[in-house]
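I'd like to ask some things about the structure below.
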Amino acid sequence: MRPSGRAPDALRDVSITTGFSHHAEGSCLIRMGGTEVLCAASVESRVPPFMRNSGLGWVTAEYGMLPRATHTRGDREAARGKQSGRTQEIQRLIGRSLRAVVDRAALGEMTITLDCDVLNADGGTRCASITGAWVALNLALRHLVKMNVIKTIPLIGQVAAVSCGLVEGAAVLDLDYQEDSSAEADANFVLTDGGIVEIQATAEKTAFGEPQFHELLALAKLGAGRLFEIQRAAVEAA
Amino acid sequence: MRPSGRAPDALRDVSITTGFSHHAEGSCLIRMGGTEVLCAASVESRVPPFMRNSGLGWVTAEYGMLPRATHTRGDREAARGKQSGRTQEIQRLIGRSLRAVVDRAALGEMTITLDCDVLNADGGTRCASITGAWVALNLALRHLVKMNVIKTIPLIGQVAAVSCGLVEGAAVLDLDYQEDSSAEADANFVLTDGGIVEIQATAEKTAFGEPQFHELLALAKLGAGRLFEIQRAAVEAA
Amino acid sequence: MRPSGRAPDALRDVSITTGFSHHAEGSCLIRMGGTEVLCAASVESRVPPFMRNSGLGWVTAEYGMLPRATHTRGDREAARGKQSGRTQEIQRLIGRSLRAVVDRAALGEMTITLDCDVLNADGGTRCASITGAWVALNLALRHLVKMNVIKTIPLIGQVAAVSCGLVEGAAVLDLDYQEDSSAEADANFVLTDGGIVEIQATAEKTAFGEPQFHELLALAKLGAGRLFEIQRAAVEAA
Amino acid sequence: MRPSGRAPDALRDVSITTGFSHHAEGSCLIRMGGTEVLCAASVESRVPPFMRNSGLGWVTAEYGMLPRATHTRGDREAARGKQSGRTQEIQRLIGRSLRAVVDRAALGEMTITLDCDVLNADGGTRCASITGAWVALNLALRHLVKMNVIKTIPLIGQVAAVSCGLVEGAAVLDLDYQEDSSAEADANFVLTDGGIVEIQATAEKTAFGEPQFHELLALAKLGAGRLFEIQRAAVEAA
Amino acid sequence: MRPSGRAPDALRDVSITTGFSHHAEGSCLIRMGGTEVLCAASVESRVPPFMRNSGLGWVTAEYGMLPRATHTRGDREAARGKQSGRTQEIQRLIGRSLRAVVDRAALGEMTITLDCDVLNADGGTRCASITGAWVALNLALRHLVKMNVIKTIPLIGQVAAVSCGLVEGAAVLDLDYQEDSSAEADANFVLTDGGIVEIQATAEKTAFGEPQFHELLALAKLGAGRLFEIQRAAVEAA
Amino acid sequence: MRPSGRAPDALRDVSITTGFSHHAEGSCLIRMGGTEVLCAASVESRVPPFMRNSGLGWVTAEYGMLPRATHTRGDREAARGKQSGRTQEIQRLIGRSLRAVVDRAALGEMTITLDCDVLNADGGTRCASITGAWVALNLALRHLVKMNVIKTIPLIGQVAAVSCGLVEGAAVLDLDYQEDSSAEADANFVLTDGGIVEIQATAEKTAFGEPQFHELLALAKLGAGRLFEIQRAAVEAA
């Protein structure tokens, strides 16, 4: 039995509220159980120096956590003067994940920055960020189409992310903070409809076996399928 | 006529939603028109080194703005590696304003940190932060009373803040971004029921006269009175 | 009775020695009692990027305090690797104060930087910086006229600053460090001949009343009038 | 045909020279083709604050690349004043990988820091770092046994890492820089004799399929088995 | 003929005004021609961690230059967020030079920090700093004797510094900025009555010969002798 | 008798292995006893902004020490976020030393950066860096000649560096770490065939005499002569 009473293959309650940032070209507040992330897409009509004259667009991400998003207050990274290794690792992952479903030639020389800011944290913030960022990105691209900046939405698919883990020997889907703290292994899967964009699987204590890994991957595909539906519903309702 | 159609002495719509941060001892989301600030109070059972063994508590604040809270995306301070002068100025102001209504001897050697994070900005973010932070602080202190950490709420009054300005020669209350950008003078008043905690009045172009300053102060007292009611209602409903 | 024996409305001894920086286009050492600030104006024939092609000039300020300007040695900000919030707040104030009396269109696309470095501190360093910086700025502008860079001095008036405070319930002018440490309220006024440029009034312990604020403002106008005379005398003697 | 002429399942030439750092408790220079990493283990008889009085030891890692380890010179991170996100990501991975095979209770309250510095880079530097760091760690632990600081070597197995990738549709083992630059997918596997410690698989362009992932995993197990032999030989020869 | 009209072996006019910093235990303003450095000695009754329980005192120095001490305004190091390599090199030199004449056992576990801040620069600022710092240090030590903190002044001699250089083939003493800019070689000598504390000799263009070096050393001894007299006179007059 | 058994005028064993960095235009690993420094020369076809359109080339250096190059592990400068004063002092010295033997007009507007990274430290790392950097620079220049970028090697001579010191009253050549730690004086000499490029002589405890300085200089000339031979042999064998 999981602490939350969920079945091993059950996601937490997920909701996506679009338009949370008043000024962003696309935005949403994604909730996965007690985790809440504000995702905002900002469009700029130029690319970073290393991309200039390539004809390609750029999609990147920044991640942050409000100091009191967590059980005990954490340092404010702006006050400490640097982003932690964990923060940088996560924002690099978000950026890579979204670029995997963008047709950057069709986007053209523009930059879209996804800001993912965690307002409340209860496990799985990087996965919620990716899933929400796809919605914010989609809405920003729709806005560009409506403004006649681009002709069609330069997306080649959906991308969503979900964590799975081994808790007391059992494979479970979408860990909350309590499960995450005691898991023997923790894996984040970034998936498209039919493919793998990124896998980050980590043994927390000792190595785990290949069959267990396959169980986690199967759960992830199940969860991602459900998240794709919620993403589509949110975009259609916007 | 103001761009928003408001009367010179009218506040924007104000609402305060308590409990927005799940983990904080006290929190609220304050909205003043299009400005939205998440205020969270965190309690720690120790004081900074310079206060130790003084028998006094400490109340401090940190302020931040999400990169896309504004019309065009701003740099993330954590990524740039330092807080701007403006950020530091504001967070110092918030801390001073709240300390003016706390009985620090009655609080005892604890620290309460108020995190004020702007989710959406449309002018007046520092004033909204102070007004909301008082609510978050009050709720955190109630929590400490309920937990039997302290006997009574160590507050000696309410504090709220409001901006006023001279726009096209006329004194107006509670400037939004559009008015703020074109104001001849801009003044932030931090007030208690019967007194002044802080005045920051600035000529944006050239010096202004003393009679005009008095008009601004009169508007501020009017606005603060209304904010005190809204603060009380929010705390009582929590 | 004040610790210094001064009357409530008496300034400390003020002197302004021009030309202290050998290389600056304009400079002075201003002494207000035991406070000594070296103010140097540097002219550059370009403006910051955000001002380019605006036809307007820019006036800005930087503030610093030598480590042993104070009773006990403070950290050197260059060694610590950042300027404190207090330093940034003060240098922003100095810049705003001077811009309020400059005709930036008449100046044209040049930048004048005012460096205000405190050699000895005994209270009121930000006010002395503003008062001295106006003299340094004036001398630098005279130099530009003499060099035929500009036709006339693009100043629309004088600006000076003075602190006032409530000490043991009484309003007094131009606080020294000892009074400043024990004041119930502390207010800095930046004034022109007939107007207000900036007011920063702060309750140090609890809120103060409006009548007291008016007493402080009246003292400030008195003090500023005397400082204007001293500024003019210094400039004429240069 | 691979650019290097290697078979799809062939590692590059691997050699491990122990004792390269004169002062370290354990060290080696690992070469995998043109990639050379100096791995040094340093022992300290205390743990970081968050581990104190836990009875557990700590193993951590730092990673660096000499500026001219690469084809074109890169910035020196010490001169730029911060470690890149990539550097932090890698050093966190190395530390986690080694902790997965250490019995930290048997180690006791000591810290072992693995410094992995890339002298020459030709792809796969993070994998070479992990494989070499295990050798340096093993030698440092042997040294502690010889010094009678601990009774037995607190290792529960070997850990090695190898990269695999999809290059022009084919799964290949141990990518060099040229292959890495053009790979469709890139996966780093950190493995023990029978288990998985970490998987980081990334689609470089678009998503890849599950069958392809299984091919990569199979290659990785093959490669890791060969690396375990080379590690054992190096340690025995030391 | 030197640009200043001085003989090859002539120092510039030197003066030392003691007591310039009101709060420092010892201080002076040293002028060598157009170079002016404020030297302040601060006493603390503890030593840095690496010196604790050694029974020895510590003497250290910090160096800074006001932004407009130079012909064109330089960046403020506090604003840039770090001290330049040049600044660090100079302050390390000043600290070493003074420690060479202090009996640190007789001083006991106290730290004396010498702040050397250049108000006006015209060449030779590091040498003026060392010569002035000795006076500030001496005065601070006298103060400690007067306060009965130590019995006798723990100085084993005087230390002074002077620059020499090869300008158009000729060896000259005490270079000003103009000479320094065009010198073929530049040497700073830190000397005691009979000995050498530090020599830093640098070829600015190409290597110079040993006989020339001897000429520079001879001039330096001459100049230092004169500086010792001026130091003694300043201390006696204080 | 020296701890190493060497005669007072004996260098440690010196060897120079060229080509250690696979990608650098010129490189070597220099060993002086237990000190090992990897020197790599990188060529860029542009100069820093302050040199543009001067027709002159630029030669600069960066220095680093691996954390465990020393007896006890030191902080990694990249992790601490800044280079120490010592590091900056050394890299400035290396750059100046090499520029003294380069004909920068003949080089033309290119930059050559010498990275000197200490793999193992046993005293004299700055001297070994300079001696090795000359070899790396020479090889990079030969490479440019071979590539027809320049016609002839724009070097006007050789430069090498060696440390000397007073240990228990005796002048000795090429100090190792043990001697360096206990030396009364320590001097680094950067010499060309017939001239002096830089002298840095420092009294570690109290001042030393002029005759002693001359002994040190004589030893340095002897040692440098031997290093010139080893440099030439290394370059010829490359």
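Going by the order they are written in, the chains are A, B, C, D, E and F; count residues from 1 in each one.
Note that contacts are C-beta pairs under 8 Å (C-beta built on N, C-alpha and C of every residue); 3 or more make two chains touch, one makes a residue touch a chain.
Please read these numbers as outputs of a predicted model, since none were measured by experiment.
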Exercise for the section: Figure out the least number of contact steps between chain A and chain F, where 1 means they touch directly. Expected result: 2
Problem - Chain of greatest Cα-centre distance to chain D - result: C
Handout entry: Pair in C-E, D-F or A-D that repeats B-C, with over half of contact pairs matching by residue number
Key = A-D
Handout entry: Distance from chain F to chain E - Cα centre to Cα centre, in angstrom
Key = 28
Exercise for the section: Find the geometric centre of each of chain A and chain B from their Cα atoms only, then give the gap between the two centres in Å, rounded to an integer. Expected result: 32
Problem - chain A and chain C: spacing of chain centres that average the CA atoms, whole Å - result: 50
Completion exercise
Chain centres from averaged Cα atoms put chain B and chain F apart, in whole Å, by 59
Exercise for the section: Would you please write down the residue numbers of chain C that are in contact with two or more other chains? Expected result: 81-82
Exercise for the section: Please trace the ring of touching chains beginning with chain C, moving first to chain E, and write out the chain order. Expected result: C, E, F, D, A, B
Problem - chain A partner contacts - residues on chain B that touch it in the complex - result: 20-24, 27, 34, 38, 40, 42, 44, 62, 64, 66-73, 76-79, 81-83, 87, 113, 115, 117, 119-120, 122
Practice task
Would you mind writing out the residues of chain B in touch with chain C in their complex?
Solution key: 82, 85-86, 88-89, 91-92, 96, 100-101, 156-157, 187, 191-192, 194-203, 205-210, 213, 217
